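One chain, subunit A, links the two complexes that follow: it is found with subunit B in the first and with subunit C in the second.
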Partner chain A sequence: MNLLRIVLTSLRQHLFSSGLAAMSIALGVALLLAVTSLREQAHRQFTQVGLGVDAVLGPKGSPLQIALNALYHLEEMPGRIAWTYYQAVKANPMVADGFAFITGHSYAGYRVNAVESRFLTDFEYLPGHRFSVAAADGGSGRLFSGKDEAVAGAEVARALGLQLGQTFNPTCGVTAGDPVHVNDHIAFVGILAPTGTPHDRAIYIPLESFYTLEGHGASVAAMVKDLDHREISGAYLKLQRIRGDAYNPGVTELQYDINQSTKAQLVMPAEVMPRLFLIIGWVDQVLWAVGMMVALLAAAFLAFALVATLRERRRDLALLRALGARRRTIFGLVLAQALAISLAGAVIGWLLGHLLTGIGCHFVKAETGMSFTTWYWSSADFGLLPAALVLGTLAGLWPAIQAYRLGLLATLKPQS
Partner chain B sequence: MPSAADMPRPPVIVIRDLRVAYTSQGAVLPIVDIPEWALPEGSLVVLEGPSGSGKSTFLNVLGGLLPPTSGQVTVCGVDLGTLDEAGRDRWRADHVGIIFQGLNLLQGFTALENVMLGMTFSHVTGSWKDATALLGEVGLAQRVHHRPSDLSLGEQQRVAIARALVKRPRLILADEPTGSLDPRNATDISILLRRVCADHGCSLVMVCHQPEIAAHFPQRIAFTTLNRVSPSGVAP
Partner chain C sequence: MHHLSCAALLLGLLASPANAEEATHGHIAVHGGCLNEIGGCENGHAEVKIEGTRLRMWLVGGGNNTTTAMRVPDASIALAITIGTGQPPRTLVLAAKPLILAEETIGACSYFEANADWLAGVAALKATGSVQFNGKKADLVIEWPHGFDPDHDVPAATPAAK
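Up next, the complex of A and B:
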């Protein structure tokens, strides 16, 4: 019989306390792993992916607010910019392409954005990925071609159970109680294939439709033809790059010029979004602290459980000594038991952590439209297992030392 | 020419000037003081004596569980005084089988696993088949996979005997193995122990309080004739 079998038999003998200790470790590991995975995925999505937008040309105001509104369909745009200014910027050699948009409308809690029709055909939300309504890609119907037509993002269609041909009345605003354009019946003519981006949570209508919605004033309605006075919420810009991903140095000058003007500002998501994490970083830290406390409490629980079972096992360990087991073997057996419990806890916690991540992904998808993955390999995947084993070893040290010091004869109590 | 049976057998235990004493609150309490004693290989002896006469302490010294205060103790050809604690553990694992009065078995293990534990820490190799055969030899062929809680005290002692034998030791030390058994079981166990030791060619030193059990042994030694310390703790 090998020592591993002795360890496993002992664990089986004290299954309840061993199981509780393993589960408490699993909870700590799961919490830390889920928090880390979601945090790293969010950080990556918010700061690195950029959703295909190099810069947002928007009104003066909070850059973070503009980025959240333009890219993630959150917040509200703090103002509008002139169409002519957008055209001037788009003509700058540093700008590779631009797509105007207007935000501020909604339907059933989802944003209704007016966009240039070429946004749906030419814009790459990820390198090499454009919007599609092809059934092969998971979409349906066609892109809009008329004033009273709309296409819905995949998540909107799924959540609302939309059917092609179904009509809706957009709300003039993004909060409950805002007025509804009751006389504007816009039909869904297409459902976009899933993109795994916030675009899945938006409804798109033609840019010109915004101006002609009933209830907007005459001056707004005139903007459909009067380009000199037309206003838009902003524009997604693709900037000129050199040597792969690096921006052309002229971009900095363009950004300076725009930001110095009183007409608009150029918001670079890659610069702005990390600020969001500075703002909400405390939430992350609190979750981490909770996870660490759970893990430390789990380690303490493991130590107590081992000490408690050690009391029951004193005679067993003394008998092993009588059979020839050395003190260091007994020390190793107890430590191996702690390691086995920690390993089991870490493995269960790893699975549980990814399950929690999966649940988190579901909510993130529902709230932001961004696709996180359950099996994302975060730094915690690589770090938590060894950390749990180290913690388990530390927790097992005290009971192992107690077992090492066990008095053989005093425990066996020979009588004559 | 003398036959092999008539040849003097080498001793399995040699004692010279053995002294064991405990220190309590600054006072030295002598427990064992044996000037000289030797036990020939293959002997089956029972040590008799009143409680407190030092029999179990003596047995612990022979098993390497307790280092003597002074003197030389050579068991199975090894001077135990030359070994440190780890060395004595290793030596015990290889050469000596020990049976205690009760609670001899590890509760979470089956009878067979308990027997296999007898070899786990030794250099002796043996198979599960050997252990199963030994359990059959002590009358537990049908109880191989039972846990101690499913066995009677007598059956548990049989498992302990099988475990002591599994590593094919030269010496078995039994500290009142029948002390917690009813008379019939006690007699059966003592007879079994004597028989299997004889069959396997190993020596047996057994401490016993029960004269009716000791009566089954060919060689009975009154411990007081070996130990110069009286049960009241008076040294010579």
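Up next, the complex of A and C:
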């Protein structure tokens, strides 16, 4: 009987305790893997992807609040900026393009944003990717062309079961109980193809439609034509970030100039969003700590399970010794058993971890519109398997040493 | 992970050029220039940068407010510039260039600049002048590229020409 068969037979004989030890290791690995994967994906999405926006021109207020409102359809914009100021910024040579928007309306829990029509045709949410309503891309209908028309993001359309031609009354606000524009019936004429970004979680109406919604008052209605007094919530900006092959220092000067004004500020998502992780970073640290605790407890449980198994198998191991097996063979047998349990736990944990990530992705998409992937390869994918094996080895050392020290005569002595 | 971040920060700090810290005296120089105190560190600074033949100067706040523009009523600022030992000072008049997006105007302006061919290739200079800063006439001393910080600087001789 070779070493592997002895290990497998022993595992089979103690299936319940071995299985429990493997499952506890699997739980620790799964938790650590899911937390790491979601954290790394979130960090990447929030800080690197940038959703096609180099900068957000917004009113004075919290930069984080502005970034969350403009890019992730969360929070509220702290004020408005003048259209004329936006035009002055857009005329700056550092600005490659700009797209004005107005936030502050909603429908069925989803934001209704008024945007320049160019936003839906010219804006690249990812390099080389523009919005589409083409059926081949997964969209339907057409882009808006009239005042009482809207297009819905893919996630909104899916969640609300929207049909082309269906109408809605926008709510003047983003919280429950805010007044509804009951006399403004806006029809969905298009559904955007999925982008995998928070843009999927908004409904878009023409910028001019916002000013003419009933109840906004004559002064706001006049902003359709009176550009000198027109106000917007902000604008997405594309900047000339690179000059030659290097970062363009003009971007810093543009941000400095705008931030000195009393009217507006330039928010760089890449600068602001990492602050969010500083604020909420403790959450994943707590989850990580819980995962580590589970893994350590699993290792302790494995050690105790092996010691208990050893007690039952003392005579078997002594017999093996009597048949010529060396002390180090016995040591290796117990250690191999620990490694086998750890390996099984790590593999099950890896699968379970990705399953947990998949469930997490579903909730993240529902809450933020961001597409995370179940099979994202995080640093945990590469590190946890060897870590679990090392932990298993350490856990197996104590029972292995006990087995190594097993006295042959004392163990085989007949028991009365 | 935390240790890695600390290590990266440490490496970053170690890798920073020593003169960057010297030129900003621990403050933030938004435009990458050197900071020169105006009437004390807490009162304000002139951030100075030379790009080819252009000398640029931003008047900014004191203490930790070096990212905030300080507007002054001066339409121009005359500087007496010494480049090398024994060289006679040259006069350079910086004109107010209002930052349009900051809603500045001449008379309430924080940015000044001037062009002079002889600035090209200058390795170091010392300049003196005056400015109406925080409602009072203040002496302006500029030491480029290290910055003027009388509280921390060791008195140095007039910079040598390149």
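Definition applied: the second predicted complex is superposed on the first by the 408 of 416 C-alpha atoms of A that agree within 3 Å, B and C clash if a C-alpha of one lies under 4 Å from a C-alpha of the other, contacts with A are read in each partner's own complex, and residues count from 1 in each chain.
To be clear about the criterion, a residue touches a chain if its C-beta (ideal position, glycine included) is under 8 Å from a C-beta of that chain, and two chains touch if they have at least 3 such contacts.
These figures come from a predicted structure and were not determined experimentally.
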- Query: When the two structures are laid over each other on subunit A, do subunit B and subunit C clash or fit?
  - Reply: fit
- Look at A:323 in the shared chain and tell me whether it touches subunit B only, subunit C only, both, or neither; answer first, second, both or neither. first
- Query: How wide is the angle at the Cα centre of subunit A, looking out to the Cα centres of subunit B and subunit C, in steps of 10 degrees?
  - Reply: 120
- Of the two partner chains, subunit B (first) and subunit C (second), which one does A:10 touch, if any: first, second, both, or neither? first
- Query: What is the contact status of A:88 with respect to subunit B (first) and subunit C (second): first, second, both, or neither?
  - Reply: second
- Is A:253 touching the first partner subunit B, the second partner subunit C, both, or neither of them? second
- Task: Would you sort A:121 into first (subunit B), second (subunit C), both or neither based on which partner it touches?
- Result: neither
- Identify the partner contact of A:261: answer first if only subunit B is touched, second if only subunit C is, both if each is, neither if none is. second
- Item | More subunit A residues in contact [subunit B versus subunit C] | B
- In whole Å, what is the nearest CA distance you get between subunit B and subunit C after the fit? 45
- Item | Contact footprint of subunit A on subunit C as seen in their complex | 30-32, 67-69, 99-104, 110
- Item | Interface residues, subunit B side, partner subunit A - complex | 49, 51-57, 59-60, 63, 65-66, 85-86, 89-90, 92-94, 98, 100-101, 103-109, 113, 116-122, 163, 175-176, 179, 207
- Tell me, which parts of subunit A touch subunit B in their complex? 1-3, 5-6, 9-10, 12-13, 315-316, 319-329, 408-409, 412, 414-416
- Query: So in the complex, which bits of subunit A are touching subunit C?
  - Reply: 85, 88-89, 92, 249, 252-254, 256-263
